Every structure is written in C-alpha cells, then in structure tokens.
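As structure tokens, the structure follows; a few thoughts come after it.
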Amino acid sequence: MDLNTVLQILDSAVRLMTPLLLACLAGLYSERAGVFDIGLEGKMLMAAFSAATVAALTGNVWLGLCAGLLGALMLSAIHGIASITFRGNQLISGVAINFLASGLTVLLGQKIFGLGGRTPNLTPGAELEAQVTPFRTWLTDVAGADLATWLTATPRLSGITLPFAESLRPVPVLGPLYAEVVSGHTILVYVAFLMVPLTWWILYRTRFGLRLRAVGENPASVDTAGVSVTRLRFAAVAIAGLLCGLAGAYLATGLSAGFVKEMTAGRGFIALAALIFAKWRPWGALGATFLFGLLEAIANRYPNLDLGIVTVPSMFMNALPYILTVIILAGFVGRAIPPRAGGEPYVKER
Amino acid sequence: MEKMPKWADVLLTPLISLVLAMAISALVILAIGESPVEALTTMIDGALGSSYGWGFTLYYATNFIFTGLAVMVAYHASLFNIGGEGQAAMGGLGVALVLLSVPLPHWALALPAGMAGAALFGAAWALIPAWLQAKRGSHIVITTIMFNFIAAAALNYILVNLMRPVGSMDPASARFPEATHLPKLSDMALAFGIEWGKNTPVNISFFVAIAACLLVWLLIWRSRLGFEIRAFGKSEPAALYAGINPVRITVIAMLISGGLAGMMAINNVMGEAERLVLNAVEGAGFIGIAVALMGRNHPLGVFLAALLFGFLYQGGGELALWTSIPRELIIVIQALVILFTGALDNMVRMPLERMFLAIRKRGA
Amino acid sequence: EPALIFDLGGKFDKSFNEAAFMGAQRWAEETGGTYKELEMQSEAQREQALRRLAETGANPIVMTGFAFGDVLNQVAPDYPDTQFAIIDMVVEQPNVQSIVFTEEQGSYLAGIMAAQASQSGTVGFIGGMDIPLIHKFECGFAQGFKAAKPDGTVLINYTGTTPAAWNDPVKGGELARAQISQGADVIYAAAGGTGIGVLQTAADEGILSIGVDSNQNHLHPGKVLTSMVKRVDNAVYDAFKNGVEPGVKVLDLQAEGVDVAIDENNQQLVTPEMQAAVDDARAKIASGEIAVHDYMTDNTCPVQ
Amino acid sequence: MASDMQTGGRLATAAPAAIELRGISKSFGPVQANRDIHLRVERGTIHGIIGENGAGKSTLMSILYGFYKPDSGEVLVNGRPLTITDSQTAIRAGIGMVFQHFKLVQNFTVLENIILGAEEGRLLRPSLSKARGVLKRLAQEYELNVDPDTRIEDLSVGHQQRVEILKALYRQADILILDEPTGVLTPAEADHLFRILEGLRAEGKTIILITHKLREIMEITDTVSVMRRGEMVASVRTGETSPEELAELMVGRKVLLNVQKAPARPAQPVLEIRNLRMVDDAGVERLRGIDLDIRAGEILGIAGVSGNGQTQLLEILGGYPPKGSTVSGEVRVNGGPLPLAGAACNAAERRRQGLGHIPEDRQAEGLIMDFAAWENVAFGYHDAPEYGRGPLMDRDAIRRDAEGKIARFDVRPPSCDLAARDFSGGNQQKIVVAREIERNPDLLLIGQPTRGVDIGAIEFIHKRIVELRDAGKAILLVSVELDEIMSLSDRIAVMFDGRIMGERLPNEATTGDLGLLMAGVDPATAPPDTMPPAHEHVEDLPREA
C-alpha cells in the first residue's frame, strides 16, 4: 500500500465520517442532557430532504442548508414535546420520528417534484433549471437580474481548497496529506471537525455545558439549583436537531447532489453506536466515527480481499466494519456508562 | 390509590390517542390532495372488512407478535435488543436448513422441527451479543445493531452461493418439501366447512404466536425465572443481593429473546413463502420494538399492538395497492400512531387524570 | 384492462420498475387506455396482488422482477383465462409469458465503449445489492471490456447486502471515488438510486460514467458515456398493446431488448471508432460469432 | 391533647419571623401530603420538625424551597409575603436546603456541584476560582473541610452532606433547611454537624432541622414542631417538652424509647470467621484479617465509621463479594465451611445455608422499588418450595404469606399491591425486616436496620431483632448508630480500616472509649495525650467504597 493509497483512503474516511460525526455529536448533546435519541436517522433524513428540496427550488444551497436545519429542528421539537413536556417514552418517540421522516420525505418529495421521492439533481441542467426558474423570475422582479442569477447559481456545496494546499504539496508526506486529506472538502466537513473542540469546550468550560451535563446525570440537582430542567433539555434537543440538520444537509448537498429516498441508509444507527463507543465524549466521538469511516473506506477500497488461499467475498468485506466494531468493543473498550438520568423523563411529582 | 380507574388508563387513553393520530393522518392525506374518508374506508375495509383482509392482518400480526415478544423479554431484563431483525433472519436460515436437510413426512412433525431450528438459530444469533454484554461489557445496543448488518451479509452470501438452486435468478433457497407446508387458517376453516380467508397467508403459526404470548406471560409474571429476569432488569445490585446471577440472566433473557425473534420464521418463511428469500424479515424486527414499547411490555399489550400494526400494514398495503395514494403514506400513518399512542400518551392521560380526580373530589 | 405490478423497490426505483412504469405510461398516452398498477409493500403481498388482479379481470397482468417467479408458478394455474407476463424470470406455465433480457449483451457493448473511452486502461463497475442478477451485468461488462483491452483492469464494487444498497448515493459516490483513485476513468453503475451518486461523482471528478436500465445520459450531459438500456418499457408497452403469448421471450440485442443509448447528450463522446467497434460487436453477437457468457447459467464469469 | 398544645404552645413574638407559613396545603394526586399547615420560625433559632415517615415533613420543606408548588397557602419570609415559584426565588430569598436524598451530581467535582446554578457568568473558569476561594474561607470558618476537586462519588456520605451544606452557604443562605441530616452520619460526624449549626445560629442564621432522633431535637433545637399525617399537630419550645411527650405526639401513642431485653444466653457458635481478607479490584486491601465468633442466642454489634470494611464484610458473608475482589480466609456457619468464591458463593446458596440478610441499602439492594410489596416479600426467597412447585410461582401462597408479614409488622398502608417505592422509608424497611426475620435464619446479618426510620418503627424493629435472638439465633449487627449498637448488642466489636480494633461488653463500654476505637486508637495502648478527638480523625479515614 503506497502513500497515495493511504491518503486516498484517509480522504474517503474523512468524507464518510463527517455525517456520522455530526450525528454522533447531535446524539451527544441530547443524551448528555438525559434525552435518548434513536431518531438521529430520521432527523438526518428529513434534513437531507428539506435541504435538497429548497436548494433545488431556489438554486441556493445556503437556503437549502437553512431548510435542512429547520426540517431537523421540527422533528426535534416533536421529540422534545413528547419526551420532555409529556414525559413520553424517548425510545418510542425516536422510533416514531424515524418512521415519520421515512414516509414524509417521499410523500412530500413526490408531491413537490413528482420524481418518486427523488429531488432533481443539484447540478446545472435542464432538470434543475425547470425548478429554479419560478424563483429566479420572482427574484429578478424583486432584486434585479444580476442578483437573481448570482443567488440562484449555487445549488450545492463545493469543496474548499485550503490556503497553500498546492504550494505545500511537495513537502514529503505532510504536503500531500494536507493537500489530499485536509484540503478540498466542503465547508460542512470543517464545521463538523470544529464542532469537536467546540463541543468539548461548551461541555466542560461553560455554564451551559455544566448544567447540561448535570441535567443528564441528576436533573433534580439542577432543579433544586433553580435552573429549569425543561429548558435545558429542550436546548439540548434543539442543538441535536441543528447538528442532525448539518449532517443531513451534508449528505444531500455536499456528498451527493440531491435527495434519494432513504439515503441515510442506517447512518443514524451507526452514529448511535459510535456515541456509545465514544462513551458520550466529544473526542471519543471523533475517534469512533473516524474508525467507522476508515473501516468503510478500507472495505470500499478492497472489495474482494485476496488472502492468497481464499478470496474474502465482497459480502464479508461489506460486513467487515461491523464485525471489527464488535471485536474492538469486546476487546478494547470497557463498559460504557451512559448518563445516569438518560432515558428517564424527569418526574418530580407523580 | 390510582389517579384514574384502570379501565380508563387501559382503554380510554389509547383510544383517544389513536383517534388523534388518525385525525392528523387525515390532515396529511388532505394535504397531499387525497380523500381521507376514502383512505380510511379502504384501510378498514381492506384490513378488517373481509375474512380476506383479516387473513393478512393476522398474518402480519403474527410476525409482529414474535418480534414484539422478543424485544419485550429482553426489555424486562433491561436489555434493549435492537437485533430482532438479524435474529429473525437467522431463524429463517434455521427453518430452511432443517426443512431442506431432514425429510419430514408431515407438517405436524415439520412444525416443531422448524420451530426448533428457528428458535435455535435466532437464539444463537443473540447469544454472542448477550455474552459480550455480560462478560465484556460491550453495549448490547451496538452489538445487536452490528449483528443485524452481519446477519444480512451472511444470509446474502449463504443464499447466493450456497442455498440457491443452480440457474435460478432468485437469491432464494429451494422450496420446502410439500409435506412440510403448514396448514393455512383458511384450510383449517374449510375443514369445518367454513369459507374463511381464502388465499391468505395466515397459518397455524398464528396459534403458535398466541401460545407464545401465553408462555411469555407465564414466564415473566408467573415463573421464578421471570421473577429473576424482572428483578435483574430493575436493579442489578438487588439481584446480586438476592443471589441472582447477572451473567446467567443476561444470557438466558437474550437467548429467549433471540429464540422468539427467530420463531417469526415459522410464519413468514415456513408458513408463507415456503422457501427462504433474501430480506425475508422486511423490517418486522424493528416494528417489534414499537410493538413491545406500545404494548407496555406486556404480552397482552404486545398482542394488541401487533394487531394494530397488522391492521396498519394490511390496510396500508391495500391503500397502496388499490388507490393512487403513495404507499409511503402508510409509513407516515404508522409513525403517527406510534407517536401518539406510544410517546405522546401522557398528552391524553394527564388531562384525563385531572378530570377523573376532579370527578372523584366532587363525589367525595 | 391490463395491469402492472412493480417489485418491492417501488415504481420510482431509477431502475427497471421505473422503466416498466414508463412503458405503461407510454401505452396509456398513445392509446388513451387505462391500466391498473400496483406497488407492493411486502413479500406476502405478491400473491395477494396477483390473485386480486386476476380476480378483478385484469388481463394481461405484467409483473417486474424475478421475485415473482415462485408465486406466479403457484398462482397462474388457478387463473387459466388470465395471461401473465413476468420480466426477468422464466416461469413455465401455459398462460405465462416469460420476458428475459440479455443484459450481458448490452453490458458487453458498454464494456467495449468503456474500453474505447478509457485512457488509463482501468474501468470500474459498481453494483447495488450483491445478487446474481447484478453479476450478470458485471460479467457482460467485463467481457466486453476485456475483448477490447485484454490487459485492462475492471474494478468491481458492490454497495451492500441489504435493500438499502439500492438507495445509497453517498456510498455510491464514495465507491466511485475509490475506483477513480485506483485509476478508473469510466465507471458503470448498475445500482438503482445508488447509481445516481456514482454518476454524480464521476461527473464531478471529470471522468465518464455509464448508466443503466433507462437512458440516464441526460443526467449529466456530456459526462455520461452511455447507458445500458434495458427496454423493460418496450416489453411492458408491447405486452399491453399486443397482448401476451405464452412462452419465453428473449429480448436480446437483436430484438432491441438491450442496447447502449446514444443520443444528443453523449453524441460528442462517441467517437467514430467507438461507434464502429460497437457496431462490429453488435453484428458479431447477432451472428453468433461472439457468444457473451451469461453469468446466471453457471455462476461464473470467464474473465476477471 | 394535641389541640391543646397547638393553641397553648403556639409561639408568638412581635418581630417578623424568618419564616412564616400560613395554611399550606399540598396533595399529590389522591394523597394529601400537607393539610392547612401553619408554621412560624423565629430568626436566629434552630427549629426542629419531627414526625413519622410520610408525615409530610419533606414535602413541606420542599414547598418552602420552591421545589413543589403548594395547592394553597402563603409563605412569608422575614415578614414579607413571597411567591415562591421555583427554587431560584427561594434561593434569592436566602433559603437553602439540604435534601434528605442529596441532590448532587455524582460524577462532578465538589467545586462543580457548588457552582451549579450559581455560576458567575457564561464561562466556568471565573466561577470556579471564585468558588475555590469562598470554599476555603467557609472551610476555615465552619470546619467544613472537603477537597474541592474530588468527585462526589468518591466521597463518604458525611462529606457529601458537607458539600450540600456548603452549596447552601455559598448561595449565602440565611435560612438553612436540613432534611434528616444525621441519618447517614456517625456520632462524631453528627456532633460536628451540630457544632456547625450552632455556629451558624450564633451568626443569626435560622435553621430548620428535620430528624427522627429525639435526642438531637432535645440537644440542639430551640423550638420544635410535630407533624402527623400531613397536619401540624404541635409547635412548642424545646425546653418545655420531653422526648416522651414528643414521641407520643408524633405517633399518637406511648413509645418505649429504650430497648428492653433479657440477658443473652449464648449457646454453640454459629458463625466463625478466621483471618478473613479481601483485596478489591483496585488492589486495595479492604479487610485485613478479621476474626469473629457469634454464638446462637447473641447479638454481636459491629460499630465503626462507615467505610471501614463493614459493607464488604456483610457482602462477603451475604454471598456477593464486590466485583473483581479476591477473598481469602475461612468462614464457617454451623460448623460447615462457607464458600468465599466460585459458583457456590452466591446469596441464594447462603440463604439455603440458613443465613438471612437485612442489607444496608434497602432501596438499592433490599427491595425492588417497582415491585409490589408481596413480590418483595418473596424477593431472594423466590426459589423457596412453599412459594410454588416447579418453575412457576404460587402467587396466592406468596400473597397470603406477604399479607401475614405485613400485618404482623404493621406495615402501613397494609397493602400488598402497592409498589415498594410508594411506601415511606420506615415501612420499606419493615418489609425487608419482616422478610428476613420471619425466615428464622440461624444467622442474621443486619446492616443499618433503622437508618431514616421513625421512632415508632425503630422500637418495633428492635423488638423483633431481640425476639429473634431470644429464639436462639445468632445476629451480626452493623450500624453507625452508636446508640443502637449499645442498646441492642450483647457484645460490641469495633471495626477500623478493615480490622477489628477491639471488643467490649455493652455494660462496660463508654461512648468515648468506643469512639476512640472507631477512630483507630486503642485506648489501652495509646498514651492519653495523643488521643485525637474523634471527629477530626474522620476526615483521613478511607472513603466509602
């Protein structure tokens, strides 16, 4: 395996881990506040759909991103109302959200675009043009042709080449590493990675973080300190929604160009697994999702591993990340202790 | 000293929740430009309006009873088994292996043999996560999720490369021998001279599922083992104090859980398809989670919730089949039913409780 | 009134169900007739759907997908007056027409085009769910490619082992990138919705892709080398229009059941030499001079 | 009589009271926890509140602290009416509360717990450093030493309570409510606490103290109120009443405050422990060679500050040594060896060998809180043949048995179907005691039998323990209540740092003597001037495991 291959695998791992990382951090906020969230998958899916839809209708990915955040927030609100306000079962609520997203996205997508739940391709072309035109015409009337064209010309996120990426390339190992692996991703990848130290800082260095962690461990301690448990938990659930929104928007407008039904393909559950793996810690989340991304990238790269005597069939290479996860968990990661008040609605008077 | 009468909690709350869910569903149907009345009548008619509809409703319900019970048993030991999907798939493999390798002359022999194969394979697939949780502290939620993926890959490999008859396009096993086909309920009804549910897949497994409900109820609420499972599920330190072995209970509970999930295969694989196809479980393992939670982890509740989901499945299928309403609408309706009856039930219960309390106060 | 039943993927699967739907639509538009169409939710509904349609008097009843084979075998004898047509599977019943396509032949032509278009000598194949039917595409493609470039390499990936593998454009894109990094400059995607991601990534990365089932050339004009079209639409249209005659109907290259699509979107990509090579192969396949091996017959592929 | 006291004893002064409650009522669903409560607490006094389990004391104080909302009634603080909507308003009004069940975040440090909810700004650092300073000052001022950077889960209960008090003081509480603070403290710790409270009173702060221990009421309070079944039955000056009178007010009948027992008649040895050692999963030796004998018909009391190995001793004897520990030595019961490891070492096996066990923590170990009372009566004995044959349990048999036990032990309410969590602490304990004692074990292990239990129930439980002894059974009693040890035991062993420091007979032991042993000093060998006062030594003791 030469350096180039390694770099390409790493590069792929970075892309694959980004939605997992964002979703994992989303789960982290929510669960650290004591609200279990198995609805990550659904929120991501809803975000992917709304982001792609609005991007397709406006030709503007930033509006799409906002819509993605909103879409996920809406489901977060449902989760919050069910599990915080009405002290419902958080697991059921999560399951319901997954179903809801799975059905609504296709239903709405079919209603809006008639493409069987798919959104138009977010690349310049006749399909997209047809959708954007009404908005552009309207914008032209409102804001003039130039602005309208400019505003409707970025239907999807593009990669960002970081400064000096090319000029540093000749530096051995680090240069290509920087240029290949670090540079060239869409903004949301960098946002995701920045979220890790930011989350750490929020959790361990701010008042909000202290209260958030406390409410997930012992909500009564927060309540008796005169801080509203409900508000804290809602805040956490909302943050989870926003992060899922980013994750979904990244899937639909960053990694691919448009929405396809069920496109999250179980990533929400993998993120959940990563969260437990990470023992509900931000840096752990980075490590765990990187591991998942890396394993998948490796399996992608070596679909049929030839071991000389036998060739490992592709089905097993596909399952390899999951098998390895089980082995690693069993061998190296001790018992993961979830936040103590997790999953339990806070009931003070019965 | 309850806040409201038990009947209100058990009947009124879910009913009102269900009505709310249906009301919202109606709004969704309106929003996509279809007629809610037509949709509802199609669903009810299609699922409950004829013995034919019932035949399907009960068939799906049978699947959900098994997976629901599976989730439920594990839940009582405070183990969240998300692996019903994989365990049920493996159960299918067990059934197929038994029926294709042992020549069984009659269904009455094939049924117990198939059940054993299904339960054995399902349980085996749950054993590793259970053991890892008990001994190594691996979180059961992760391992069972992973085992779902691994089961899918393994089955894919086995069906495509080992069990598929040569020349067949279909990644599926050969058909099971004629003698092992389970009697359908329609045949059984016919034996009594009743024309019921012709050509519906519901079969004798439905009764096995009901028996499983009873047995699980006996197990959890009447047996010493069930007592231990529940006690362990509520408090591990207390279990130790009482001499209950955590490893033993974890493993046993998961074996039972996996076995129940695996038993679903006698319905869908042995009773309906009569061969093992790819992705035979079709998400029933996940629906089992909703069924168990909505059924409040009680076999009777599981049974009722499974019926409800059977109804939604069949009614929804009819919608998709016979109207222009997209089949995804059913998923939305399912979601709303789960949400309102399962997670938002307090929204209904709290005002009801207040109402009953006020009535009692006035009465007192 | 004819009827059409889609397989579980649903009628908008970006694959053969969608193609079947298009065929039915075309028939409806042209004739002004109406037809029944059914989307199923679960395995158990296959039989239900068939019987109910047969009982309502629909005729002919067309269904897509090999998974119906087993059920149809059971149901067809019960409705001797109803004509059935099944796509992608052979069912031997007196009232059933089995329509099969020689995907290996179409894929063979796609392989030839890929070989012509490839500068690097490495091309890729990305399949959806890892099932024999898709290996049929893969094997035909590899044969065509190797026939033109015996020393070339075909990279092969499958997306997964669950139905989710048909709807994962993100993974499709990532697989394409992995293949590109190994030198592939033409990638053939036979993966339903996942393929959309493959085509997208190929377009983004400036290489060529090959679509499948329906003509996907328009998705990225000038960037999709061709599409291996499988004229399920024609088959459905034909069945609706002319009825069904029992027996096996092989829609091969000659019958225009499969082909590589060339239209205004990829015209400029198809060089005269490429066209010539394709035409040549087409002729040789027709004459039997080239026998493209069908993976399904023995589960092996002569080239690797 | 009660109403006499209420009118006659009502305390009235001209100056505004620190706290005045008027007509407070509160119900939880159908349960009326407080009914029309009036209460006046003068500034700069310590006011005691007593009452049986479930009388409504905690509820009343929680209302004052804004944790619960009252259904009706009025709260006046320093003469001004105050609408307390949440704890924040109460805190701002200068009220601090130490809950019966601490409201601490277990995996936070002391400092983090202190500032939680009282942070200075959005960032933690300034708050933390300020709190560190304040803590240091408070520590000096009130002798409230705790390491600010230790996690709560690593602190002993006594230290956890200090953190709670520090939390209130940090918020500059003027009025401090303590809900059963001494239930979890050793005598030395309790004495220490009372000195702190006296110091606070001297500063003009007002203190409300809920307790079940009349001795404490008599010792430290200025005034005292008695609650019964949600109502305030009396408020009197402490100086003008007596423990007997208070006890009667509280329970509504005469209570025997001292255990009456005949001299023990020890027979053959039942429990023999030789050189019992235990090393925990962290490699620390928790038991360092224990030798003990208990004979049939005697109670051996083990005194000691919690965290000196008593818990581990009970768990090993009970058949469930702490996870990851290694145990060595020899234990015999009725002459037969008791397995200390392996599959045979489990609690179920122990019960078959004639051991009974009343665990230290009834809520975490002794009961399944969500199980009905009748199920809890079978808990641990669910394998017993009289509870059914084969794999199934005979519910009727269990219920009949449970109803009998509940009746004989006066568990209130006498309902089999109520979940354990719905009983008050004292009644929960009665269920456990009934279950274990009525099995007539040859050897009964008892940990903290009366922690948090009201005096009526204590009297009852003590009586039953003595009866068991008189029936010729051996009893191992572990308690941090020195009073309890002294009055129940026939012999007293003191445990310190995993060792038995010494044995005394109750009639010849003094509190001071035992206190020294508990602090790890043998008075027989130590020169008098090196004897440290017990409470100071407490801080260096090994923490609760």
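General observations
Chains here go by letter, A, B, C and D, matching the order in which they are written, and residues are numbered from 1 within each.
By our rule, a residue touches a chain if its C-beta (ideal position, glycine included) is under 8 Å from a C-beta of that chain, and two chains touch if they have at least 3 such contacts.
Being a predicted model, the structure only gives us computed values, none of them experimental.
Interface comparison, A-B against A-C: more C-beta pairs in contact at A-B.
One finds 33 Å separating the Cα centroids of chain A and chain C.
Each chain gets a centre from the mean of its Cα atoms; for chain A and chain D, those two points are 48 Å apart. Among the residues of chain A, those touching two or more other chains are numbered 110, 117, 266, 315, 318-319.
The residues of chain B that reach two or more other chains are 149, 152-153, 156-157, 160-161, 326, 330, listed in rising order. Along chain D, residues 29 each make contact with two or more other chains.
Every pair of chains meeting the touch criterion is listed here: A-B, A-C, A-D, B-C, B-D.
Chain A contributes residues 204-211, 213-214, 217-218, 220-228, 340, 348-350 to its touches with chain D in the complex. Within the complex formed with chain B, the residues of chain C that make contact are 10, 38-45, 47-49, 51-52, 66-67, 69-70, 88-89, 129-133, 160-163, 296-299. Chain D meets chain B in the complex at residues 29-31, 318-320, 346-351, 357, 359, 361, 364-371, 375, 378-380, 382-383, 388, 391-393, 395.
Across the complex, chain A is touched by residues 10-14, 18, 130, 156-158, 160-161, 164, 167-175, 177-178, 181-182, 193, 196-197, 200-201, 203-204, 218-221 of chain C. Interface residues of chain B, counted against chain C in their complex, comprise 56, 59-60, 149, 152-153, 155-157, 160-161, 164, 166-167, 169-172, 175, 199-201, 268, 272-273, 275, 277-280, 282, 313, 316-317, 320-321, 326-327, 330.
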